[in-house]
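See the structures that follow.
You will see subunit A twice below: alongside subunit B first, and alongside subunit C after that.
Right after this comes the complex of A and B.
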């Protein structure tokens, strides 16, 4: 599910116009924009007019200027694309439907059409559209209710309020003493400290849980099955006792599965700090496949990178992130794609080279095979967890990277040599873990970039030599990155 | 491919855990190693987190599988070898250790050992266990834990706590809490095991107020102790079928199956173990009597002597004196020395062990002249390793009354040809280096493989032995006697030097 799925088609187009402008230094020709959107010039003009009228709320802090030839974005430093997204989302009917469902748990068509001031047919159409996207969460809006497994419902609401809706508003309006006490109880009972950012996540989850806890006929079939191996887990045991004690304070009778819901959430999202989590990893029960999968994947990564002795803290860090990834894959399905998947993949490839992406895919396959994950059509969770694997691998390769010394030794006219060397240095600046300079014969290098093959084989001693085909060409740049990656590992 | 079977050896050492997968021809198919945290709560105390040890073992199992491509179900049996004496006490119900693992080197229970000694229990304990009272062994460590963890004594008496050395802990974890066992070799290092009657000694247990109920069942070194819980072995229920403490595993790995066979592992210190056959030989010279291994219904005893400073003296040359850059440089330098072996280094940095037992002695150097070079000094340091080994082996010979036809060697310094030639010369005995120096892991693999029929018999294993070089004594007898006499003189002089504090 994507953020855009909460918007209407024309709204998505308008957002795309902003995105394209941001990606192109704030200015784009009509031709290029039309090419990208595949619409007529008249439709584009309509969209731009709509944008202008919407942007009035920003009081000239965000403006889109267009003259039939070019489109230009003017935006003050205090504003960003996120604010524009928020504006559109605030006006979304689909979001209002989800909000209404969360607040009232069920609705009648009459009430909702009145509340949203739309026709019945429009409401049905929007619910139908929402249902097509909720499918990957195995959820459905039916008979005025959000139906599905309780864990999936809470998980969806969590994603929705954490990533889509304005979380600050939710926390301000719904958080109360009970929620604050619940956070304190958790801290005391588990003897952990929850840092502010994680506290915000936990608060949202607890608000959702509080709203859902008294619902009747909750479904737990998948959760019960997945929790079977956790019966003896020491953390689960603590959560179980804590949940029962907490709710008994308010004379609320809860299902035994309530603790399971909290346990799954606690492990799937960064709530505990790395230190606290490490304490748990030392004692966790390995009946559940997550623990052994974490170990297996960590060792696979270590062997892949040929690390002789990865730093202890890096290994701990790997466990921390991997458990979150694996817990999500184990318990949940569906996700809200807050990042543009393809764009992220392309960006990561640029940063760390192509080889990490297929390796991340291998890791994902190992995990899903191990969990025998339920096949869910268009399961965005798989995409998002793949991105997380890639990010983790990137992080590891950065942390483990030694600084590679690179010397540029161009054989050409002195003036060209100096200029092109500087340009090459400039172009390589974003690459992590390298130090580039013009070649000095007295120094030792790991890599030499030259345009002329040296006559003697050991002219550069042990340094690896890369012969440039066309200086500054994208081919050479990609090849150099590959060589750097190889040298790092 | 899936029909091919392998043996996995888990070598849980003092600083790291390793897993090695062997095929039937003893080729290493895959291996993995992981270090874990050393905890030093106070000066002289060394502890490990038992769960970190356990997690490191889980990691190396995974690493060996990934590296080799072998599937868990292809493992015919698992052999475990471990750091000995290290003591773990845990809750039977929750599986959580009640205190860190107290490591063999740790001295925190030394006052308890002193009390036993002063109360006159030395002879009784030596006779029954073959050991000399020391905090090194598990007995005083258990007492220390029961004393220092609130309510532990009561819980132990109620049968709520379990004690184990690392082998017991790992088998208990790997089998999902189903097998609570140890083996003869590890039991005989606890100072609680009667090596004659082959049972936990009630008198010593009572003396230390350790409830029998917390002790594991003692089994042979080669039999199926239980199967791995599938969630602890990546999906397979594999038999754990071999177990031995590290030095005994090395003895077995060196195939020192006959009485009189001796192995020496040159590590930081040196561990020399001699197979003394089916009757225990108590030492008159403070060597330790221990169970080497028990297999096919027979028990083979051993004498054990250790040298405190062996490889660490070469580290001292490298890190302390900066005479060499790498430990491996010592061989080339020793070869360059032109003197007539008149320099003697006595590396008694922490005192002298068997047969001198002088904890107040300190290192010394003799025979220096204006012409002494760095090469001479390095050579003398290497020679000290060999001289000390002879000290122990001579003592063993005296205690057991068995001739020693061959010394089998392994460990890091066994790669040093010059050292091994000098060792053969000074002993007047053939020295044989194993081709595969990982004899500890190999020993555990043999024990495991024999129990599950992976290898049919010890004869089959013997046929597979590959030596990595034999060093025949070449030194004239007169020269040997002269040098060793001078070494004894140097040691004597070292012992005389006791300056005022």
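Right after this comes the complex of A and C.
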């Protein structure tokens, strides 16, 4: 499921126009834009007009100027693409349907058509469209209710309120003392610290849980099955004690599975700090599915990188992130694609070289095979988890890469030599994993950049030598990057 | 002024008597769903304990007493709906629909002991006996049963287990928490009781949740818990009680847990409508609003609502959740915050557990006492008592200390009597560590 699935076709196009402008320094020709959108010029004019009328709310803080030749985006420093997205999403009828469902748990067609001021047929159409995207969450809107497993319902609402709907609205309208107190109690019961960025996630989850807990006839079939290896888990036990005690103070007959829901959530999202999570890894059952997959994947990564063991803290970090990924794959279905998958993949490929992406795919295949996951191809959950694997691998490769020592040894007049060396150092600064300086004969280097072939074969000892053709030329820069990458692997 | 009270159990009757005391001319009408008046909930336990000769003796109020106070009452009167705008109540009485108008309404409809989650809990061999007719049915069923499964290890469940084992029944007790009576006692206090329970042959199943109950062919009834099931002759539901308020109109706001939202004066969101007893949340030991369905709270809220009928005069001062009972040879009592529950508050608590002698005599019995207090101010927040001697009255002293926010230092100076037959050098409810037989300070 994607953010744009909550919008109408023309709205998606309008947002794409903004995005293209942001990606192209804020200005683009009609021809390029038409090419990208593959629409007629008349439709583009329509879209631009519609954009202009929508942007009036920003009071010239955001403007799109167009003259039949070029399109230009003017935006004040306080505004961003996010604000524009927000504006479109705020008008989305589908978002309102989900909001209404969350608030009322059940709707009648008559009430909802009145509330949204749309016809019955267009309401049905929108529900049908929503259902086609809810499918990967194994959910559907039927008989005026969101139907499916309780874990999936809460997970979907969580993703929805965290990524799609304006989360601050939900928090300000729904978070009360009871929720704040519940977060605090959770810290007490689990003996953990919830840091501010994780607190927001937990707050949203608890708001959703509070509104769902009294619902009748909740379904837990998949959750119960997946929880079987975890009934004796120490973290689950703590959650269970807290949940039972908490609801014993109200006139609520709480489901046994309520604690299971929280357990899955706590492990699938960054709620615990790495430190607190580490405490848990020391006592969890290493043979339980998630933990054993974590270990298997860590070992696979270590073998792939031909590493000696990664530094202790990096290994801990790997477990922390892998448990999140694997818990998601183990308990949940579906996801909301918060990043443009293809773009991210392309960007990562540029950044880390091509080999990590296929390896990340291998890891994902291992994981889904181990869990015997029945997720269909092209599923957003798999895509997002793949991105996470890639990010993790990138992080590891950065952290594990040796810093390459580079010496610049230019042979020319002292004045030029100093200036050009400094300029070269400046130009190379953005490259990761290197340490660059002017050559000092007493030091050892991995790479020497010079403009003159050394007379003696081993003048620079073991260091690799690159001879600059034209100092600061793009040809040389590209070649240097290639050499650096070779040295890294 | 016409005051209608829905429910004639403790809260309703207390409210009625107090209204009469304050308003000599008021018309007071009690509408009671049950066919009998003033039955003490769980009076069956008194009967099993041989404290009364018949279930009928378990009464806290009689018709004569109500007559004397000129309080009208209708038994078997089931309220169907209320209209708080027009101030009219619709109820079924003698198979006819009746209407009654009110000037002031007090909702004291009480609670029921049932489970909506457990499939099959409606079966006739699944016993609940809070009410008189239920108790009669349960009495007969238990007599013909040999093996009984109790669901819930709260006060009702544990008392029932004790009373049934004394009747040579085979008893299985199922509790979803790690230990029984967890609302009132901390885990470090419960050990002697659980030990006694297992010694007495009770099959104690902790950390287990009942999913469903199923009647079997051979008059047996199966209780399913995850992978396991227990087959017995009858099942006793000792689960938490919940209000049954289907008759409310939309003017009356409810809490998330379906209890009625009331202010400090026990007024609901509808004008001239009050709610009391097991229908509402109270400010509990942690000063948060919680649900504490105890008879002491029912009576006290009934009295407070009566005092606020005309104008808000007396705020309800909350509940310390004070309880006392006798199970498996131990007198146990608790008031205020437990250490376990303190995790729900913002307070940092310290605890101390000590064993003290009760008298100055050589063979004096001892009492185990657990103190829960604020780490910085030393304000007493909770206390738990356990002894084979009857120490129950002592909990009221501590409950009062908590209600009046006494510190441990204040308590040291409390003026208690001395008599070697009944006290030791210092009173037992006085945290002076040098008189303890054993004391475990806890730094949590």
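Operating definition for what follows: the second predicted complex is superposed on the first by the 404 of 489 C-alpha atoms of A that agree within 3 Å, B and C clash if a C-alpha of one lies under 4 Å from a C-alpha of the other, contacts with A are read in each partner's own complex, and residues count from 1 in each chain.
Note that in this section a residue touches a chain if its C-beta (ideal position, glycine included) is under 8 Å from a C-beta of that chain, and two chains touch if they have at least 3 such contacts.
As the structure is a computational prediction, the values presented were derived from the model and not from experiment.
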Partner chain in contact with A:296 - subunit B first, subunit C second, else both or neither: first
Contacts of A:287 with subunit B and subunit C, given as first, second, both or neither: first
Touching partner for A:273 - first (subunit B), second (subunit C), both, neither: neither
Touching partner for A:229 - first (subunit B), second (subunit C), both, neither: first
First (subunit B), second (subunit C), both or neither touched by A:20: neither
Comparing the two partners subunit B and subunit C, which touches a greater set of residues in subunit A: C
Common interface positions of subunit A, toward subunit B and toward subunit C: none
Contact set on subunit C toward subunit A in their complex: 111, 115-117, 176-178, 182-183, 207, 209, 211, 226, 239-243, 255-259, 281, 284, 288, 290-291, 293, 340-341, 343-344, 346
Residue numbers on subunit B that touch subunit A, as the complex places them: 32, 35, 37, 49, 51-52, 55, 58-59, 62-63, 66-67, 94, 96, 231-232, 234
Residues of subunit A touching subunit C in the complex: 178, 181, 184-185, 188-189, 210, 213-214, 216, 231, 240-242, 244-246, 248-253, 255-256
Interfacial residue positions of subunit A with respect to subunit B in the complex: 229, 234, 281-283, 286-289, 292, 295-296, 298-300, 302-303, 309, 312
